[in-house]
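Okay, so chain A shows up in both of these, paired with chain B first and chain C after.
The block that comes next holds the complex of A and B.
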């Protein structure tokens, strides 16, 4: 069997190098065509009519006025009379028209009558959700009652993190043309190889009839896997309009209302332990919602999974709100925040530096040594030991504090197939039905192929974003980089073997004596005996060499190209103005292991991006619903807040690139770095204030309320 | 967050209306009208003010005259994207918050979603498509690539144009000034880490010509 293992760390010429992303120039010149930029000839514009009610039955729809509008090509009823609407923003009807303005006019002209039903859209107070609560059962390990009875110290706290949205900048949607024999589908997607089949299923067509093309996409974060109802309706509008392409993307309000959320998570947590910081007991009563189907369930206690005595109760709450979708590291940021907050509060109560408590209790995690090394590194980078003081010792109006957040993730490679073609003229094509969702996948695949074939980056043409290429998994759960790198490595090794068979006779050696290096095919140990890549390729005759490579998740760990198990520590320093309640980020530090790092430059960008998303979630992001109207009140970008350039402070990213991590193979990165930041920032604010602000985001109102509660206590 | 951008509400609009959200008329969704300001404006206007039907206008885009038929309510952004196939400017918030649609109109950095196409007549309009000829990169674009100040890239053209307009006004910026100048643009992937260095590098590159 061919030897697929990665070249030794010190021998790599392309992998591991800080190479600028290849599609950067296309993106930064505005030339990159995203699905929402696809202006096909004869293009029509689609628009959706959505329900203003959170819970209602549709009793009637009158299309007369809409149909009479000139320029309207088709109208479809999605939720007809009798349909029970379960959240505001549910799709009721769709229109296509020759201009976007006319499509919107037509949507407005559709008259819908509803029988309004009672709704529930808030879950922050569990006592008020009534029959919408569904207990998930109790989990008990050890003897928590005894542990709490015998503990030196016990703490109890309330913590909460609200529902947030994905807020992808390119909204969900697609351009779709239902032609005679096939459907051309340009979706903004994270799932090039599966989204076509999904659309075909919704339209009851053979999967072979859907061609997917998505070269660029403007952000997904876990929300863009399915073809979605609006995708299928755009296709049907196209069919009813004689096959003309229809562009239908959600407007911002709809995007923020129905296109996916991260579930909330609330918990009452009690921690028991010894004076030396050893945690002996954990009790949590938690609840969460992710919409009508209930909520996610954060894995508690997080990372410190082997606290010996534990009792966990979780309750799912069903709300009349848009449903949850995977959101970067599903359930983990919430779990990290809840756990690290409770542990920090325990440390504060026993007057210990939380760094010491985290360090000590790493013993009950799955990877004590890794976490301890990372804690030490992060502390060094943020200068923890010099800067840390207990919250009770802070004075003045502007108070600084430090906090820790912790992360764990799997990140093994998904199923992926890659086809590499070496042409007789020496050019190389690499094809995968994968996608680059902004993670530099295209660049990393090029690096792997170039490394393996001994070529420069410019010698390899990587093609993605088309479902006619060999299938690769969706980009979710940090599975892409391991999957596509492994399949590309194997395809390249296989193709090279075929090339060596053709070349060996000319060099008077056997194929196994050859290697590819520096755009040449060389006899191992005899660099003088070689021919250029171009000359070598001419030996293959007129037929290109084309070989496949496959990453099969069940056997991948054994092969060692990719594996799972990433750890990370983030630390934050914040400054809080105790008069205004404003929290300002001074610095966030991330120490992140992700095994073999293909491109440190883009990896660091991804980690920094996740840290910024954590700043958003810790300080400003919250979907706010209104129980009176059942609507999302801030379904826009003015009041659904994201951080801007001045809001993020100093960001320090330390990729834990070491021979021992490298030897584990490639591990995904997108999720693990998106977990610990919220906890780090929230804990830093608690340290600065000397009091816990129970709920993130840490708005001035909440900060001031926490300070007032302490004064009143 | 304060924005250094001039929004149309700060200028004297040619048309009778002050907010493009209302001008789009039928395009305003019910949930937007729940915000107080728009609801009041909506009441203040009467249906009789709303013009309809397309008019042909000529826009001066990147030094070229482009004829386009638009209804009066069509924004400059939608005219560019939907009618002229100039899709570098992106539609994200569509309400003058995120800056993904940033263009330079009459030398001023503006949100394309907050300018009516008919109001842009007679003013030179610069879009990202006009920054550099095909196959070449403007120094700002190049610096964003070098410092990896982009991920999915959907916000990037807006940031590039905001930076271009800023450096036109202030060729020697401090990092604090960069923070302020770009605070009217938002990125979801979180690409701010390399951005300040990119702007400083671009400034240097432009000066060295």
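The block that comes next holds the complex of A and C.
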């Protein structure tokens, strides 16, 4: 069997190098065409009519006036009379027209009558949700009652993290054309190889009839896997409009209302432990919502999973709000925040430096030594030992504090196939039905292929974003880099073997004596005996060599190209103005392992992006619903607050690149780095203030309320 | 957005004649465009006033500095006359932390922009007392009376009120009138009434700011450092004799349907030196009459701090 193993760290020429993303200039110059940039001359524009009510039954729809508008090509009813609407923003009808303005005018002209039903859109106060609460059962391990009875110290705290919404720069949507023989589908998607089948299923057509093309997409973060109702409706509108392509993208308000949320999570948490910082008991009563379907329990206690005595109760709350979708590390940021806050408060109560408490209790995590090394590294980078003081000792108006957040993730490579074609002229094509969701997948695949084939980056052309290429998994769960790198590696090795078979006779050796290096095919151990890559390729005759490589998750760990289990520590330093409650980020430090790192530069960039998302979530990001109207009040970019550059502070990323981690193979990075930041920032604010702000985001009103509570206590 | 007619006059007279029923003035458009897109406003005609040269420019005229209505926030903040005399205006303009908006948004537009109340913007009207009182009011008013719980969105308003500025308005009949900045903003009594003293057929042409020297400053409390609406602001203008205050003008912003003059605090400061202590007391007096809603008591504290810090900044004392 071919040897697919990664080349040794010190022998890599292209992998592991800080290579700028290949499509950076395309993107920054606007030449990269995203699905929402599609503007063919025959293009039609789709628009959605959505429900203004959070809970209602549709009793009638009158399309007469809308149909009479010149330029409208088709109207479709999505939620017909009798349909029970469960959240505001639900799609009721869709229109296509020759201009976006006409489509919107037609939407306004559709008359819908509703029977309005009672709704609930808030869950922060569990006592007020009534029958919408559903107990999800109790989990008990060890003897928590005994642990709490015998503990040196016990703490209890309330913590909460609200629903936040997906807010991709490019909203959800697609352009779709229902042609005679096939449907051309240009979605903004994280799932090039599967989204076509999804659309076909919704349209009750064979999967073979849908051709997917997505070369660039403007952010997904877990929310862009399906073809979606609006994608299917765009296809039907196209069919009813004679096959002209229909562009249907959600407007910003709809995007923030129905395109997917990260569930909230609230918890009353009690921690018991010894004076030396050892945690012996955990009790949590939590609740969460992700919309009408409720919200499951985040993995509590997080990372410190082997606290010996635990009792967890969870309640799901069903709300009439837009549904949940995977959101970069589903449930992990919430779990990390709740757990790390409770542990930090325990450390404060026993007057220990939380660094020591995290360090000690790493013993009850799955990877104690990794976390300890990372804690030490992060502490060094943020200068923890010198800067840390207990919150109660701080004075002045502007107070600084330090905090820790922790992360764990899987990240094994997904199922992926890759085809590599070496042409007789020496050019190389790499094809995968994968996607680059902004993570530099294209660049990393190029590095793996170039490394394996002994070619420069420019010697390899990577093609992805098309479902006619070999299937490669959706980009979710941080599985892409492992999947595409392993399948590319194997395809490249397989293709090289074929090439060596053709070349070996000319060099008078057997194929196994050859290697590819520096754009040459060389006899191992005898560099003088070689021919250039181009000469070598001429030996294959007129037919290109084309070989497949496959990453199969069930066997991948054994093969060692990719594996799972990423750890990360983030630390934050913040400054709080105790008179205004405004929290400012001074620095966030991330120490992150993800096994073998294909491209440290783009990896660091991905971590930095995740840290910015954490700043948003820790300081300002929150969906605000109105109980009277049942609507999202801040479904815009004005009051759905996200960090701007001055809010971000200094970001320090340390990729934990070591021979030990490298030997584990490739592990996904996208999600583990998006977990610990919120906890780190919230804990830093608690340290600065000497009091816990129970709920993030840390808005001025919450910070001031926490300070007032302390004064009144 | 509804269809509308677009007019592009080059003289004030022409512009005024175009302001017939259903017409609206377009300057920078940074607010108006979103009002149109959200169907909050549905004008029949937009009258662009950016090509009327007489509405631009900043110059000294007699005892005033004249600021043309179409001067952009960026022009205002970088103008030497303004920088020398009115740090409070510069600070307020720079508080709009978006270069794009500062490049497009105008001084007149800043005064005439509509409130950001999310009930208003989602089509529930401006005087939605019950919705606000029973709903999400953390960004709403802590001052005011009756049904108006929205806050004036103007960034420059509080500073102009504190500086004793005058808003010059031209009407359809060709006549002009001078409205003190303090009377330009008003709390509407009925739905459909505007929150400014400007009829739909009138145009703000210029702002006159007294050139007499004051120590002035604006302090904004914003949640975000990047573009964000202030949670509370204070603008102050102090006349001094040596280190003693001879008269003080203090105006709060983003806490009421109009900029809110803090007359008690102003009186307290006369004869005083600005110190951390006197500034703190003035801040407390400025918010003494606040009546917060269910979720915005924190804004009382923010307004108090804004007054304190604006006073200290104006007096050249380190505020934080």
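Couple of notes before you dig in:
Note that the second predicted complex is superposed on the first by the 712 of 713 C-alpha atoms of A that agree within 3 Å, B and C clash if a C-alpha of one lies under 4 Å from a C-alpha of the other, contacts with A are read in each partner's own complex, and residues count from 1 in each chain.
We adopt the following convention: a contact is a pair of C-beta atoms (placed from the backbone, for glycine too) under 8 Å apart; a residue touches a chain by one contact, two chains touch by 3 or more.
In this text the structure is predicted, and so the values were computed from the model without any measurement.
When the two complexes are overlaid on their common chain A, residue A:438 makes contact with chain B while staying clear of chain C. In the superposition on chain A, contact is made by A:638 with both chain B and chain C.
Looking at the shared chain after the overlay, A:705 reaches chain C, while chain B stays out of its contact range.
In the superposed model, A:624 lies in contact with chain C only, and not with chain B.
Once the two complexes are laid over each other on the shared chain, residue contacts for A:101 go to chain B and to chain C alike. Of the two partner chains, chain B is the only one that A:21 touches; chain C does not reach it. Once the two complexes are laid over each other on the shared chain, residue contacts for A:497 go to neither chain B nor chain C. Of the two partner chains placed by superposition, chain B and chain C are both touched by A:647. Using the contact criterion defined above for the overlaid structures, shared-chain residue A:397 touches chain C, although it does not reach chain B.
Ranking chain B and chain C by residues of chain A touched puts B first. With the contact threshold set out at the top, residues 101, 104, 629, 631, 633, 638, 643-647 of chain A are in contact with chain B in one structure and with chain C in the other.
Contact residues on chain B toward chain A in their complex (touch as defined above): 1, 24, 26-27, 29-32, 34, 71, 73-74, 78, 81-82, 85, 87-95, 97-98, 100, 127-129, 131-132, 134, 137-138, 140-142, 144-146, 148, 150-157, 160, 178-180, 182-196.
Interface residues of chain A, counted against chain B in their complex, comprise 20-21, 23-34, 36-37, 39, 45, 52, 99-101, 104-105, 107-108, 167-171, 216-219, 221, 251-254, 257, 437-440, 601-602, 604-606, 608-613, 629, 631-633, 635-638, 642-648, 651, 653.
Against chain C, the residues of chain A that register as touching in their complex are 101, 104, 397-398, 577, 579-582, 584, 619-620, 624, 626-629, 631, 633-634, 638-639, 641, 643-647, 699-701, 704-705.
Interface residues of chain C facing chain A in the complex, by the touch rule stated above, are 1, 3, 97, 116, 118-119, 122, 124, 130-131, 134-136, 138-139, 221-229, 231, 295-296, 298, 301-302, 305, 320.
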